[in-house]
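Chain naming follows the written order as A, B and C, and within any one chain the residues start at number 1.
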């Protein structure tokens, strides 16, 4: 085996190779690279900051929780069980973390040209000070290096949070969550600002597995059995108020379609009663979700919580993987999504109201220029979320800026979301976003579309200003 | 307040920063920059050339008629009434033009990176000789500067038309229009070539508000009451002939869907009778529009008028804005559009006929490479309109060329349309288009895809030759 | 007439004009430019290698078989009959090959900026040694030049095959084909590796014209009349086995929609019986095709043939052209295509099976990032075919890499397919693909996304390694 190549992060990485653009991109990037991170949407478990214990090992830190990683390995024929992904029903799985890590190193070349590769290189280099590129040959050396670091107090969750310069981190929490971790965190005296986000999908989506149990749990949380649509609404309002007391500034709605439609009270009640009896139909569920989005917008106008709509994923496309390993295992596949007609009822009723902020995301980038930028460029209440999920990438962000800005400007967008489950990837993701935005603006300056003074204001807004404003932080 | 930045238009604006590409782009652009403007599709009021009086003030010249501008301001929470947009029913509105202009200046940063910003800077600098960038701080000084200019004879509509070097300007006119302005203009002896375009939507779309009145008016125009489908057809043929005598070379059809379908005469008549009785259905209206597109193609073959189809806008998405301010107020939102199947019947019946030219536009750029370029690259009658509306922009045009040229070439496209309501923006829009096309061709030359001699012919065709040929001017 | 411009192929053609990128692109391209050509999917007639006689003349070599060419000429109003395209029913057609060639030369400017133009320039220059650019003025001189070459033994099909350095060439063959040409070729002792591909559309698509005759012919081929669904399945299995003995490694399925659905045996049988009686419905045909894709996947798991799905073309959109000239005459128009839901049943049943390789192509590039890359980036059995048909072009490939790589990597793609009917265009098409991929990777290196050492491995895989692996060659 020849000598392992060095892992180096070029200071101009991701910038256009044109020297004039690159110089401008570097200048703009340097003006924001050290700004605090605002992470208003993600899936980090708040309990890691309560416990604040060392991460067990590199495999459990990087690979197991990150479906961006194991989906790619699985696509190339590496069985899930050999990657240590825990099966639901106790079938055998690899539990030698080192062996899994070696397989990861052997196949790390699969991530060439992917954002996952870019993030991991950043994490290895910047967070852990690794100097060799990750391959099968270097895997075990890197494993030991990271393992040693993880034992140090500097690599405990709270220490990393502070080192990452995170100003605020939002978690995503079910409507039925006690927010016990958030309560403990507040009680602990630690200064890190970690806030919840109210996500009621498991009770508003009648097709959710265990929906009935979720409804019962929700009733338990508010101390009142939910036997009617009206009591559901009251419970949700009650929970939103509680989330607000715990620092929440936003709600999140992961719907398959962004269809919105207000139902007469009697119809909503009838559907809800059918659901309680276990006889609701697919159409019932569609209508109920569409109606609940209307209700959530109404509540947002009343309580000020920023509403986020994340539509368009066919969750758990691979039934075998779902049954064997559960949700969030890399087989959520995007669907074509329609916004102009689907959001019409919500935007007509609430979109002119300045008290509402509704942030819309998409997994269907054909809607950026056709539907979302024209909508966000008109309705005062609507803002456009950043390039999301599969589009949270260098080329994905470039297409987003190219397709959105000319119609909606940058001021109808909301900065960056990392949306990550992998805590250690947060600085890598924000760094990549700041670089790509800097490079985009550098291109505008080099083509004399905006002045450098304007670009400096714009990069500050994209990296920091817009997210703070949109999420009322 | 620090000194206001200078407003300068770089001679290489919008060109690629690569020096080789830029040099070629400049060379190509310089070969066409002074060519006359042919504007075959737009919404300038012909009466301004009849009256030829001074524009009242900057606010009424730039902002009030231009929904590209006020939609962006509205999206950021600035109420329509504070922008002086006249409400339909006499509710209060701001009428201090200076105060509105100041708000515009305060928020001009919203247009950074948008074509509206690029056009306005061109208008300020080239048309009005303004030397400071437009901001809240400079707004009033710029207001006075423009106001003074507007009083000068050089800034009257006809003088500007001549200064802009407009060879022909097409207006858009209802089928029921008397074309009185066009008649007066012809009678005036002024040399400016302003011609009408026949747009029958208000009588062919059964869902049009006031459709019945429009039908009655159409009957009045041709001196024969319209009581049957046959008399409608005769009236339309009659009006087309009249438009031709007034210089018209084209028709325009703003349909929601490009669905085409020929109905048996009896069915068309039956639908029309239902419509006259006020009992036509949504499906009736769809079928009737689909059928009328077929009839319009037939008439175009007979009378030689070039047919334009502009589908895919969900007009007046925001019901409150429609009711309070009327149409064309910035809330027309694009819809996904299908062409392969929808245009099949029309293209099968008439698309092989060399007497027909049907120019198709889209607000759904996903159809450029998938449907429109393959269709235009096969059917002799079909040509592809330029990047339109939200895509009339630097990046929009780049995507258009990238997605269209390889399949349809440039010779199945028709040059540039400005489609503007804002007369003073015409030279800015054509200049931007010439720059972006020059830059596109420079990229082909620099990558050795075409020779410079070929690119010189191509830029002349894109800027001038193709539009003249396509619209038979 | 001024002197004809020289035809030269710049050594850096199609590369980015940025000097750093260009240098890297050239370096990467030079490392693969001389690799053998693997052409796993195309439409070259195998009989040309059996007969191995001289191509008759330039017109019949270049224009007549290539609907990429005559569709563009037709779109500009040049009648098919004047291009010598043979009509089905003996109506008059031009048969002066020189006159047709002259018309081609007169209109060659139409291909500026198209891949067809790039391929033809390559063929003229590299294959035939022509030194002048093709125009009306040079057309006849070039005609004579090529004609003379064609008479030489060096320009016979087998000699060109060898000169082109083709390692393996796959043809496309109906399920009912005797493969007589392939048998003769094998018997001839010639070393050229030409293998068939099993394409059963004409018997699995109930809407195929002459379907009944095809079924009878299929029965004749296997020596057993096909009177039931079960006997159809047996016949198909029998033919696949035969194709394998003739070297086939793959099957191909040209479906309108990629809809997959397994029918109960009784339902499949019932539909098949209705089809035999001539009374099957459109819905029957859709279901049967959907079911046959399931069966083909099952057979592929059993016999190891790689399965290719090519959906999304509305074949023979122009009915007049179909009736007068037959199929494959340039009026196949793409349709919007959906994969997430349509492939769900197939991928759920077979997509986790490592024995299956299913390669999916699209004419709807909006699905690259939204559906196909996420699917290929998860399911072990699924790979993504290259940019296809109208997207087999410089910009088409750039968009493909931009939209696919970040989610699926390059290792879930399968290298290049030329899919050509024009044998002489094969080296031109592979050269263009290698150049565009080299340039893509050069951009990644220049932006420090991958290292040069990684890019060198990647370009080898894209040009040669991936196609060999995916097609098990």
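In this text, contacts are C-beta pairs under 8 Å (C-beta built on N, C-alpha and C of every residue); 3 or more make two chains touch, one makes a residue touch a chain.
These figures come from a predicted structure and were not determined experimentally.
Q: Fit chain B to chain C on CA atoms, both being copies of the same sequence, and give the resulting rotation angle in degrees, nearest 5.
A: 120
Q: At the chain A/chain C interface, shared numbers over all numbers used: above half (same) or below half (different)?
A: Answer different: the two copies use largely distinct residue numbers here.
Q: How many angstrom lie between the centres of chain A and chain C, each centre taken as the mean Cα position?
A: Roughly 40 Å, centre to centre.
Q: Considering chain B alone, which of its residues make contact with at least two other chains?
A: Residues 18, 366 of chain B each touch two or more of the other chains.
Q: Quick check: in the complex, which residue numbers of chain A touch chain C?
A: Residues 5, 9-10, 12-18, 71-72, 74-77, 109-115, 118, 133, 314, 317-321, 330-336, 363-366, 390-391, 393-396, 399 of chain A touch chain C in their complex.
Q: Any idea which chain A residues touch chain B in the complex?
A: Chain A reaches chain B through residues 18, 20-21, 338, 340-341, 344, 347-348, 351-352, 354, 366, 369-371, 373-380, 382, 402-403, 405-412, 443-444, 446-451, 453-454, 457-458.
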